[in-house]
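Residue numbering begins at 1 within each chain, and the chains themselves are lettered A, B, C and D in the order written.
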Amino acid sequence: MTTEHAAPGEYTPAEMMIIATARQVRDGESTIVGMGPPLLSAALAKYHHAPNMWYCTESGPLDYVPTSRDLSAPLGIADHSLTEGAALSGDMVDALGAFVNGGWAQSAVLQAAQIDRFGNLNTMLAGTFEDPTRRLPGTGGNADIGASVQRVISTMPLETRRFRERADFRTTAGYIDGPGGRAEAGLAPQGPNRCATTMCVFGFDTPDGGLTGSCEMVLDQIFPGVSLEEVQAVVPWDLKVSPDLGYMDPPRTEELELLRHLDDGGNHLRPGRY
Amino acid sequence: MTTEHAAPGEYTPAEMMIIATARQVRDGESTIVGMGPPLLSAALAKYHHAPNMWYCTESGPLDYVPTSRDLSAPLGIADHSLTEGAALSGDMVDALGAFVNGGWAQSAVLQAAQIDRFGNLNTMLAGTFEDPTRRLPGTGGNADIGASVQRVISTMPLETRRFRERADFRTTAGYIDGPGGRAEAGLAPQGPNRCATTMCVFGFDTPDGGLTGSCEMVLDQIFPGVSLEEVQAVVPWDLKVSPDLGYMDPPRTEELELLRHLDDGGNHLRPGRY
Amino acid sequence: MTAREAVERFVSDGDTIYSGFNIISFALTNEIIRQGVKGLKAVAGSVTPNVTIMSIDGNVDRIETGYLSGTLRSKPFQEMMRDGRVKWNDYTNMTITLRLMAGGLGMPFICANSFLGTDYLLPETMNHSRSLQEDRRREDGSVAPPYAVINSPFDGRKALLYPALKPDVAIVHCQRADEEGNVQVWGPQADTKWGLWSSKNVLVTAEEIVPRSVISTEPHFTIAPGFKVSAVIHEPWGAHPGGLNGYYRADRSWYELTGAGMTTWESAREYLDEWVYGTEDHSEYISRYKKRFGEELLNSLRVKEFMGPEQPARYGWR
Amino acid sequence: MTAREAVERFVSDGDTIYSGFNIISFALTNEIIRQGVKGLKAVAGSVTPNVTIMSIDGNVDRIETGYLSGTLRSKPFQEMMRDGRVKWNDYTNMTITLRLMAGGLGMPFICANSFLGTDYLLPETMNHSRSLQEDRRREDGSVAPPYAVINSPFDGRKALLYPALKPDVAIVHCQRADEEGNVQVWGPQADTKWGLWSSKNVLVTAEEIVPRSVISTEPHFTIAPGFKVSAVIHEPWGAHPGGLNGYYRADRSWYELTGAGMTTWESAREYLDEWVYGTEDHSEYISRYKKRFGEELLNSLRVKEFMGPEQPARYGWR
């Protein structure tokens, strides 16, 4: 494996976010992949280091294995190319019901508009319910997935409007109000696991699968050229920092090339989008 | 259409029962067909006078349209030949769930071990629950079907052990204890509609779809060579008789020939079985 | 039957209409707009731009969905969602699909964990001022909740119930159907099957009408049998500008070329006037496309590479 | 993996086992008997003669099903059902299938009207002396009901709930699978799909092992994906004496020829000794068949006429 890395300025923060998200995807895992950057991140992971991850989307295709002649990531979760090489072509009951809610999705890659201190996601609205500053598309499958999947990887740019002490609206259960929150709500204890952004990757303080620990987001890895203070300046609460805080490697040249190929001229990463 | 009829002694009571059952099946209706004599009766109806009935069974095949070169009735509700010419090959959720429980089966043909005054069926046991004289196979799909289908045709030999004032065990809801019984139980008012036997055909006193009337079984048609008294001697309660009591035509020659062909040497009507 | 006859006969003001997440009949969408049907409630796992289009003139004024897919780029639609001209309650992709399944299976409600621990369970969410409270009003005047938590009678644990959905009418485009109305679909199916089974009337546009024997030799592709289907209309390109697996790709330039994105009231108006009210039917719509943008552009959408079975499964029983 | 290894690894005493209404793996059934697994609970829409066979030596001693299909001709089985050596609660074809579906979908329970107005709702039926009360005992010592009526929180009407079923292990025979465990089935499917999705471990015997590309070019036939499947074993004639759509018909003379009908204790013993304990594995079982009855009789079961697609559906997206 080459270890040639891209130099600063040769990639965008959005590209680093996708690459950092892809790096959270493990080979051999069955993964439910959400709309937007997750489709691209998971495709990158599959081609780059996780050829045996089971790439599944909620409209029904399970285990998408694209042929290499058409290296572009699916545009949506019902993109017809998802049937390419798939092991199973079913419907939403199969994908979100049997696969996700039935407990067979080992991980998930999701985007959201907001995340909060305890990993709750928001894809519903900004502002208040009666007077939203912006109505968002809604939860899609995020709420379904967050309720059932034990290793949720979320991805979004690191921005103060997105990182909230409490999400404006909790669309998708993280650890809710902290330890014991999920159990009290009637959910299995383990919730979100990682959040990859444009500046860093967060983990969660859940040493025991959500049963103990503060269940708060914890800064885990910082990207090249980003300082701890810069991250802390964005996050509006007293951010926990991992005692093993690390620095993430910049994109490898091959990751970056592959990503750009998969994005096929900006399908996902149109300038100004992230 | 030929009107040539078989003479007395040229057919068995069991054959007459199958033919009488088939005559209750209407062209153009979507019908759920149960194990045993119903499979044969419905096949006879489809070939004889109801080419456009939708012949469906609970294991998943909907709208079985057999090719004429292999004129034998399916042996079981999951007989692989049911896929022959079918419009849809699905599973039990499709057949009993969507088709039957969803309200799209206009009629049903069912066998049972017992029927009672109010049309409740029993396929569970003879005797009492704690000390059965005979354990029967259970309800299969009968209870599912009886709860949802608005025109249930049952079929069984006319015998005192089968016709009970109250079924030994009510596996399948008819009109339960009489008028209003179904509504009180939480079911739609219309329940069983016909019962075809070896001696006669019964209807039900439900002038208004189960909302009014006594909801009792009513003798409707008697078979050739059978007297009213003979029927009354078998039925252990004070049997209502239709003011329009009729006599059913004997089997037409073509019905009988077709039936024997479909039964393929006694698949269903082995001597001594009914 | 033509699309016009089907909509005249089977779509009424105030109906609940299922138009899915995938394989959308734009042919029927446009006909509903042409006929000026009003006050529809749109339900689907995700609603798509055809629902935005139907909202501009009030064909659709209520929505129950999990996701507004590609609809929010429309300022008019955003405006109507905010000021209450369009009313809505939110669910999820799965829970709407399960609600349709429950409707299709004759169940009153169905379980799903999806909203446990979220703000969807707050009373102010369930009954916000633009929500569908009126649709949930019971005979005694009280308002049924959009979902409800109970304790399981089996293990006492919390269970979240969602009520069944039974639309009045479903519209869908499919790859092929026969004269009896047997509908076949392949590719990602999302909520389609249960959208069709749960609806009282099912209106289908089909890319191809095929003999029954084509259906019967691949009966596993049938998602709705003939007795479940009210009308089948032969409508080539019936999903355009959406795509159809095995036939054509989505027309991604369409929304910008024509204003179908409804981004402003003006562009929405222009689009509707030219492409919907300005065409008699889908066949004229496609003719106009060819005239305006050239047949080549349309043909460039056609699928050129196919995937057929490597070792076809064969049925056999004798 | 061999059937022996799969049963050793994935089937334990006391497990709940799904073996379906249709496409039964007699190969795995026989291996379970050979290994003397005890105290299994069999669940399926309908249980079939393979469950009778597994009941004789106590491999199966509990049953939850809708129908005893072809099993009651066995006097030993009848006797054990009566004297409590086999315990049981009855459901229906649909409600067991829906309970498996609920298990597969992660729901605690599911609705169905089926038992409204019947004697199944009598307390003496639910908890009769040979019923599975012990399996339903809660931590606090009380016994959960096998199904329960509640009032709907939406419209107040009666709703009958059935608890989810989540078997420990499922056994099934299929037409074809690949090395990754993707399982394909066609023909009447009854409860199979949800039997597989609801079970923790899925053991599959396959008539053919095919390359992934065969699976991927007809992905609509896959009823369980590889990550859901614990073991796939290549086992030609693995459904014998049952049939397999597209491969062979059921062997209707088998039960009388060999005593597999278990009509008496003696014939049951003889059958087990010769055909199960007396064979090492399914391959030896088939060899013995050929020796005893001739290869021609076996071959006469093979399907000779096939139904292939008249106009094969083709996927395509570019």
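Simple rule for what comes next: contacts are C-beta pairs under 8 Å (C-beta built on N, C-alpha and C of every residue); 3 or more make two chains touch, one makes a residue touch a chain.
This one's a predicted model, so the numbers in the text were calculated from it and none came from an experiment.
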Higher-contact pair (C-beta pairs counted), A-D versus A-C: A-C
For chain A paired with chain B, centre-to-centre distance based on mean C-alpha positions, whole Å: 57
Centre distance in Å when chain A and chain D are each reduced to the mean of their C-alpha atoms: 39
Centre-of-Cα separation between chain D and chain B, whole angstrom: 28
Numbers and ranges of chain D residues touching at least 2 other chains: 98, 105-107, 112-113, 157, 159, 186-187, 220, 243, 245, 249, 307, 315, 317-318
Junction residues of chain A - those touching two or more other chains: 61, 79-80, 83-84, 89-90, 93, 97, 101, 148
Chain-chain contacts as defined at top: A-C, A-D, B-C, B-D, C-D
Chain C - residues contacting chain D, complex: 98, 102, 105-113, 138, 144-145, 148, 150, 152-157, 159, 161, 163, 175-176, 184, 186-187, 210-211, 213-214, 217-218, 220-221, 243, 245-247, 249, 303-318
Chain A contact footprint on chain C (complex, rising order): 21-22, 45-46, 65-69, 71-72, 78, 81-82, 90, 92-95, 97-98, 101, 112-120, 124-125, 128-129, 149, 157-160, 186-194, 243, 245, 249, 307
List of chain C residues in touch with chain B within their complex: 103-107, 180, 182, 197-198, 212, 215-216, 219-220, 222-228, 315-318
Chain C-facing residues of chain B, complex: 30, 54, 61-63, 65, 70, 79-81, 83-90, 93, 97-99, 101-104, 148
Footprint of chain C on chain A - complex, ascending: 57-61, 76-80, 82-84, 89-93, 96-97, 100-101, 120, 124, 129-130, 132, 135-144, 147-148, 169-173, 176, 181-182, 185-187
